[in-house]
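The two complexes that follow have chain A in common; it is paired with chain B in the first and with chain C in the second.
Entry: the complex of A and B
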């Protein structure tokens, strides 16, 4: 690890620690959505960026995670036509099961994911979105139907990630409500998800995935079981989607089927393209960009030309954000093939060091101990 | 079956490659017509022929990329025609590609590490969690990769993305990646195509060095006749998907059928007896 990497990590960790003490709830909520989006985008980047398998169905796996968590954690409710099912499991267990459920859903689809490549898989996964929408609005006892259902707050070792007015938690003069508490949970989950994905990408599986993307035939000839890898990455990416779904549900405190539609799936693709395909940092940068853009535009809409205040006629902040990130995708595809991360890397390479000089030739001898 | 090699070509763990009556048809077009030859253990065997003779098709059948319509390919005890590419790789058959098939954005080191895929075990979980076993494995194999890079003369480029390297160097990365598989049979598809004189000479020296230090069998597809005659112990000549000659280089060189195929005399596709 280079010194600049350590400095950057330390600065980010400090920022993550300090932010809940200074920013108000609405900023924290957007920050949490960005974290959830980052986890989901990392998963999609493993599949689409690193392995070259397009998925338009990522939102489906977020939905599986979100509704899975709600179903596993909620107590069943009687109420005639509006009866809601649930298993009433402890919430951490429900969260783990929800992620596994998303993995199982990905596994069920993986025979298809293993056989189709690139854009063809994209079309096939589109079906998941529509199947998901249909199932969510009709499986009312599980999902609550069109209006969704409330999300039980996470409770870890007796610590509740929710507002507790009867026993307020105050740290350094700052009242710690649901969002402040969830902030740290989100940060830890994102850190874990990011480190795991980085390990995968830099290790043996990552090299195999990249070669499948760059040259499928070469990957097979080099000993990579291509179909098995495609299926495996699809399952892993689904589990990342499931985890992002759990976090989104916890932050929203209400799950709504409409949210997990095609637009969300496309937003995830926009994130990894804008941020940078194939890397963890790219996914995180893209997720923050796409999630925070509407918020920033709303906040500063009075200072920006052409953007009107909420409620007035004209291009509002939300529409402007849509237009801007659409524009960002086009600009990145045309001018920045590596995304925002690629831009940063290029700027850093400009100040790089020269390469070391050539070494003399040696002869090669077989070493039996490295052979198996 | 053991994976260990000795530095000499007499080692029994390098098996014979026997190609028998392999036919490949692509919807009516016969790309290979009952082709057969044998690569003796530790020898350099060249497959030559004019453009479109079926040399690359032959390679693709041997490495499992194409399915043979009929015929058999045996490597030791294993029948290859029914196996997928990764299972053939697991038997110790490595190949390079005529058109470079590397990951341009990965470093030379990472491209070479891919060659270690079949020799390593780390999966998603152990790589993701950076388990000690995965780290030890990576360290051990990185060491061997660096040794092979030094042998091929790629040490200065190890950290560079492959896409930034000149063509001739990329061809050497291809060869090094195949060597990283610790192959028992190395298949080189036009290793000097598109190279200049100096690069050709270097590559030829490298192939000789591989053969001398590892004693593995080498199957070579090449257009450069000078190089084939210098390197090969045996030559198989293909023309329009058929074998028209097979034998030691001197004999093949003077075969009237071969001269006709190469100089384009007005012979129709008549049956040739080797």
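Entry: the complex of A and C
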């Protein structure tokens, strides 16, 4: 690890520690969504960026994680037609099981994931979104149907990640509610997810994945078990999606099927393109960009031209954000082949500072020969 | 039996409309090797123009404007985005079209808002009675028009210079360019034709029995993706077969929903995707798609 990497990590860790003490709840909530998005985007980047398998169904796996967690952790509720099932397991166990469930869902899809290529795989995964929506609105005892169902808060060794008015937790004069507590949980999960993915990418599996992306036949000839790897990466990426889903559920405190639709799946693809394909840092940068954009636009809507306050006629902040990240996808592909991460790397090269050893390793633009 | 016949005719008619969309999708793929995820938004562009202009200029002129508008937007996407991004791998080009799709769809659905726009078509809600079978006139019009346009297109694809240039480019782009085929023109033409076909499909998707053009139209148009894929992305025959399979499946499943209610509500919307997955499990390149061969 080079010195600048250590410095960067230290600065980020310090920021993550300090932020809950200064920012108010709504910013923390957006930050938490960005963390969840980052975990999901890292997973998608392993699949689409590093292995070259287009997936438009990532939102489905988030849904599996979110509803899996709710189902495993909730106590069953009687109530006639509106009865909700549940297993009432301890919440950490429920979270782990939800992630595994997402992995199993990815595994069940592997007959498709391991065989189809390119656009075929993209549209086949698109089917997952529609099938998922259908299943979620129909499996009312599990998902609560259209209106979703409340999420039981996470409880770890007697520590509850929720607002506890009867026993308020105050640290350094700052009341620690659900969001402040979840912030640290999210940061730790993101760190773990990032480090694991980095390990995968830098080790033997990562090289195999990149070879599959660059030339599948060559990969096979070199002894990479291509189908097994593609199925494996698909499962791993679904598990990342599941973890992101669990975190989203915990932050929302209510899971709604509509949220896990096509728009979310497209947003994830936008994240990894904008951030930079095939790397952990790229996924995180893209996730932060895409999830914080609506927030920033709302915050500064009065100062920005063309964007109106909520409720008025014209382009709202959420729509403006969507249009902007849609444009960002186009612009990045046309002008910044390495995404925002590539831009940062280039700027560093320009300013003449030495690069961290790992940065230039991943070639982000496949050569013309690798088009297929 | 009557119900079955009605559903079948309806399904074939919807299928012909899906085939129009899928055909455009396939042409773009053949000419530029780009999978165009922005196709649903091209459809929305066409439908939107027709809906906004038909009151002032009359239906037929509005339809013409819609076709031209969607064709122009298609050509513009090709010219401004796809052509410039020529050096990157094709799955990334597919993602660019997703970016374009996000921009267009967001803006148009914002314009449409919560309204349901009428398209002012001359068929209205009239129903044709053939013995005991009742079929909306609009569906017959859809079937006839779509079949004519598809036939016309296939003839043009086979016999005109434009068609030959297109097929040559699809076969081997470099050799075609050496033979004097202008690749830029061919791919732009493909995008324009696909846009016009999508606009025509938009018309038939939004008239009776559908209430009109609203913000859910893109979701409906998404069903043309399975149509294109299950027929095989690089096959025009496949697009036709795929469209019909999807249309008939959707219509039958939707029509017999009351008998299938144990499977859940809204099955008609998912059925196309389920059929696609089953077909792809058996034939990963679609029904008529060429299996990719590679020389090492």
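Observations
Note that the second predicted complex is superposed on the first by the 350 of 372 C-alpha atoms of A that agree within 3 Å, B and C clash if a C-alpha of one lies under 4 Å from a C-alpha of the other, contacts with A are read in each partner's own complex, and residues count from 1 in each chain.
Everything that follows uses one rule, which is that a residue touches a chain if its C-beta (ideal position, glycine included) is under 8 Å from a C-beta of that chain, and two chains touch if they have at least 3 such contacts.
Values in this document were obtained by computation on a predicted structure and should not be read as measured data.
Contact with chain C, but none with chain B, is seen for A:138 once the two complexes are overlaid on the shared chain. Once the two complexes are laid over each other on the shared chain, residue contacts for A:221 go to chain B and to chain C alike.
In the superposition on chain A, contact is made by A:266 with chain C only, not with chain B. Within the superposed three-chain model, A:75 lies out of touch with both chain B and chain C [touch as defined at top]. Judged by the touch definition given at the top, the superposed model places A:329 against chain C, while chain B stays out of reach. Contacts of A:119 after superposition on the shared chain: chain C is touched, whereas chain B is not. In the superposed pair of complexes, A:207 makes contact with chain B only, with no contact to chain C.
Within the superposed three-chain model, A:199 lies in touch with chain B and out of touch with chain C [touch as defined at top].
Touching of chain A by both chain B and chain C, each in its own complex, is seen for residues 217-218, 221, 365-366, 368, 370-372. Interface of chain A with chain B (complex): residues 196-197, 199-200, 202-208, 210-211, 213-215, 217-226, 232, 236, 278, 355-359, 361-368, 370-372. Remark: chain B residues 3-7, 63-65, 84-86, 88-90, 94-95, 97, 101-106, 110-111, 113-124, 126-130, 134, 137-138, 140-141, 143-144, 147-148, 150-151, 153, 155-156, 159-160, 177, 179, 181-182, 209-210, 213-214 touch chain A in the complex. Chain A contributes residues 48, 52, 54, 111-112, 115-120, 122-124, 126-127, 130-131, 134-135, 137-138, 217-218, 221, 262, 266, 269-270, 273, 277, 315-316, 319, 322-323, 325-330, 333-334, 337, 365-366, 368, 370-372 to its touches with chain C in the complex. The part of chain C that touches chain A in the complex is made up of residues 29, 35, 37, 81, 84-85, 87-96, 98-103, 106-107, 110, 219, 222, 225-226, 228-229, 233, 264-267, 269-270, 273-274, 276-277, 280-281, 284-286, 292, 294, 296.
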